[in-house]
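Presented sequentially are two complexes of chain A, the first with chain B as partner and the second with chain C.
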Partner chain A sequence: MDISINGARVYFEIPVFGGIPVTATQVNSILVILLITSLCIWLTHDLKVRPTTKRQIVAEWLVEKVTGLVDSNMGVQFRSFVPLVAAILSLSACSSLLALLGMYAPTADLNTVLGWALLVFALITYYKIKTNGFGGYLKSFTTPIVVFTPFNILGEISTPVSMAFRHFGNVVSGSVISALVYAALAALSNLVFGWLPGLLGKIPFLQVGIPAVLSVYFDVFSSCIQAFIFAMLTMLYIASAATPEEE
Partner chain B sequence: MENMGSLEMAKAIIMGGCAIGAGLALIAGIGPGIGEGYAVGKACEAIGRQPECKGSVTSTMILGCAISETTGIYGFVTGLLLIFLAPNIFLGKL
Partner chain C sequence: MNREYLELISLDVWHIAAAILNLLILVWIMKKFLIGPVQKILAERQSQVDTLYSNAETAKNAAEADRAVYEEKMANADKEAEEVVRRATVRADKISDEILAEANRKAAEKLRKADADIEQEKKKAINEIKDEISGMSMDIAEAVVCREIKASDHEKLIDTFIDSL
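And now, the complex of A and B:
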């Protein structure tokens, strides 16, 4: 029985700066970006004031849903974050759902989600400095007393780290458990049906159907939930950073 | 064991230590399990008391569960690092 759990495959290296590897993560991310972009272009071309096509109704429904989400979680004054939240939601969900097609999910690579988390962290810091001023931002580390400064710095760093590891861990744990169950089912069906004569005994009957049930949970449900949570945390962190502290 | 060189012994200890550590790291799964079970139980109570807010209770519960799952995920990531990364790093130093 051989189980192989690998990271992203390196396709080739760009020979500058000592070799930049081009991996399955990058290729699949570009695929997802192209997919979403073309979907957006297809959904929004020749819009009418009074919708006549189902396509436009779907587009309007999507925009209304995300706008409603941002309004209820951040407030109406943060309407400008609707594109960011929609981008995070669609990118994360589509990247994770790529695993359904048997392709390497870009979110199963820590680099992808860590990049998103660092982007969100930069936005949070920007809005903290913008609302409180640079002095106020530095001063917020010494609350409630000066002794708490190391803990406050740790807490600040742990925001992007926990966001990235949560998303990465959920996606990877799904694929690891799927691989283990798949291998275990092959061994089990070899044990149960191994007495059948000839080629019939070599077909792993138990692998039919059962992994699909796991896939529904780990790939479909978990992917959508993680995309939702990442977007939700982004909204909550940015909204709390952009709101001045009441003292 | 007698004919085993000290280098082989060191390798064996490293691999075994990493495997044991990975197993121990997954003890972190206990905490989120208890916490999420408690949260779901409370959500069931809330739905039983006020069935009309089933939707918002369920969505809040799923969000909270996924966030409290983080500590378990940390344990899992530590286990992954110990299995796939740590042996190579330590064996390289021999």
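And now, the complex of A and C:
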């Protein structure tokens, strides 16, 4: 039995800078963005002060939920982060949920989540420097004593790395386990029903139903949880970066 | 399988950049098409609600002011009514007193006049009686002496006679 677990499928290469491969990650990311954009436009067209449609109620509920999340985790002064948090939540959740449709989830590509984590890291560093000054930012690496400097630098770098790998790992592990379960069920099916004559013996009966239960956890639950965790970490890291360091 | 796949873990600067760009684009889209419009409509609703509340407050204050005026007027109306009744009572008392006094005065006048009339009638009657008796006495005397007695001669005699009656 041969089980192969690969990364994103490469569709073609843009022949500049030594060839930039365009993979399922990019294509599906754009699909997700288009989907979210059309959903947003559909939800918010024809808004009224007195809502007449369920559409508007849903739109307001979504915005109020995200705003409430930002308010409670970061504070009202960070209201400008509502679009970022909403974007991370929707992009991450929808990307992971693509796996439900049998499509390649862009979040199963380390590049995607690493990109997001690096953006968050840039924001964290920007707010640390803005709050404490560049000198204060550098000095914060030497706390509590100079000897800790390498560890502090490591800790700083590990923030985006851990964020990226947590998300990536959860999505990939889900698809890996799904692939393994599928293969195992095919083998088991062959063992149990293989004696049936002709084509009937080749139908993997056990693959029906059982993977769906796993899919509920790995695709639906895990996707939403990882999106939520990524958004929460983004908010908490940025909010704590904007808080002055205590002496 | 001749499809080409990336390794499970493969890093590519362009793919990372694309992911960052995608996220930034979605942030802008979120702001432009979801958060912005909804926040605008929420703010509009908030301002309308505020206006409604302040209007209601104004109306309530006006109504309370009206009620205060009304209650004051009602209280004054009671007082005014009492005043009217009191004034009317006083006036009625005065008029009744006047009427009574007038009646008493007229009655007293009539009594006094009646008394005077009676007195006068009495004197008149007495004089008439005197004259009558005087005439009668003269007639009797004439008849007795059979001659005419001169009135002046016997005046004294007659008066003495009457007084002795």
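Keep this in mind: the second predicted complex is superposed on the first by the 247 of 247 C-alpha atoms of A that agree within 3 Å, B and C clash if a C-alpha of one lies under 4 Å from a C-alpha of the other, contacts with A are read in each partner's own complex, and residues count from 1 in each chain.
As a convention for this text, a contact is a pair of C-beta atoms (placed from the backbone, for glycine too) under 8 Å apart; a residue touches a chain by one contact, two chains touch by 3 or more.
Model, not experiment: these values are computed from the prediction.
A.B. asks: Once chain A from each complex is brought into register, does chain C clash with chain B or fit beside it?
C.D. replies: With chain A aligned, chain B clears chain C, so fit.
A.B. asks: Quick check on the superposed pair: does A:S162 touch chain B, chain C, both, or neither? Answer first, second, both or neither.
C.D. replies: After superposing on A, A:S162 lies in contact with chain B but is clear of chain C.
A.B. asks: Which partner does A:T234 reach: the first (chain B), the second (chain C), both, or neither?
C.D. replies: So A:T234 meets neither chain B nor chain C here.
A.B. asks: Of the two partner chains, chain B (first) and chain C (second), which one does A:S223 touch, if any: first, second, both, or neither?
C.D. replies: neither
A.B. asks: Among the partners chain B and chain C, which is in contact with a greater number of residues of chain A?
C.D. replies: C
A.B. asks: One more residue to check, A:T23. First (chain B), second (chain C), both or neither?
C.D. replies: After superposing on A, A:T23 lies in contact with chain C but is clear of chain B.
A.B. asks: After lining up the shared chain so the two structures overlap, which partner does A:S96 touch, if you call chain B first and chain C second: first, second, both or neither?
C.D. replies: A:S96 contacts neither chain B nor chain C.
A.B. asks: Please compute the chain B to chain A to chain C angle from C-alpha centroids in the superposed arrangement, rounded to the nearest 10 degrees.
C.D. replies: If I round to tens, I get 130 degrees.
A.B. asks: Scan A:V10 for contacts with chain B and chain C and give back first, second, both or neither.
C.D. replies: Only chain C; A:V10 stays clear of chain B.
A.B. asks: By the touch definition at the top of the document, which applies to A:S189: first (chain B), second (chain C), both, or neither?
C.D. replies: neither
A.B. asks: Of all C-alpha distances between chain B and chain C after superposition, which is the least, in Å?
C.D. replies: Superposition on chain A places chain B and chain C at a least C-alpha distance of 7 Å.
A.B. asks: Residues of chain A that sit at the chain B interface in one complex and at the chain C interface in the other, please.
C.D. replies: 5, 172
A.B. asks: Spell out the residues on chain A that touch chain C in their complex, using ranges where they run on.
C.D. replies: Per the stated touch rule, the residues are 5-10, 17, 20-21, 23, 25-26, 29-30, 33, 36-37, 40-41, 43-44, 47-50, 56, 59-60, 62-64, 66, 82-84, 86-88, 90-91, 106, 109-116, 118-119, 172.
A.B. asks: Show which residues of chain A lie in contact with chain B when the two form their complex.
C.D. replies: 5, 162, 165-166, 168-170, 172-173, 176, 225-226, 228-229, 232-233
A.B. asks: For chain B, which residues are in contact with chain A within the complex?
C.D. replies: 62-63, 66-67, 69-70, 73-74, 76-77, 80, 84
A.B. asks: Can you tell me which positions in chain C touch chain A when the two form their complex?
C.D. replies: For chain C paired with chain A, touching residues are 3-12, 14-20, 22-31, 33-35, 37-42, 44-45, 48.
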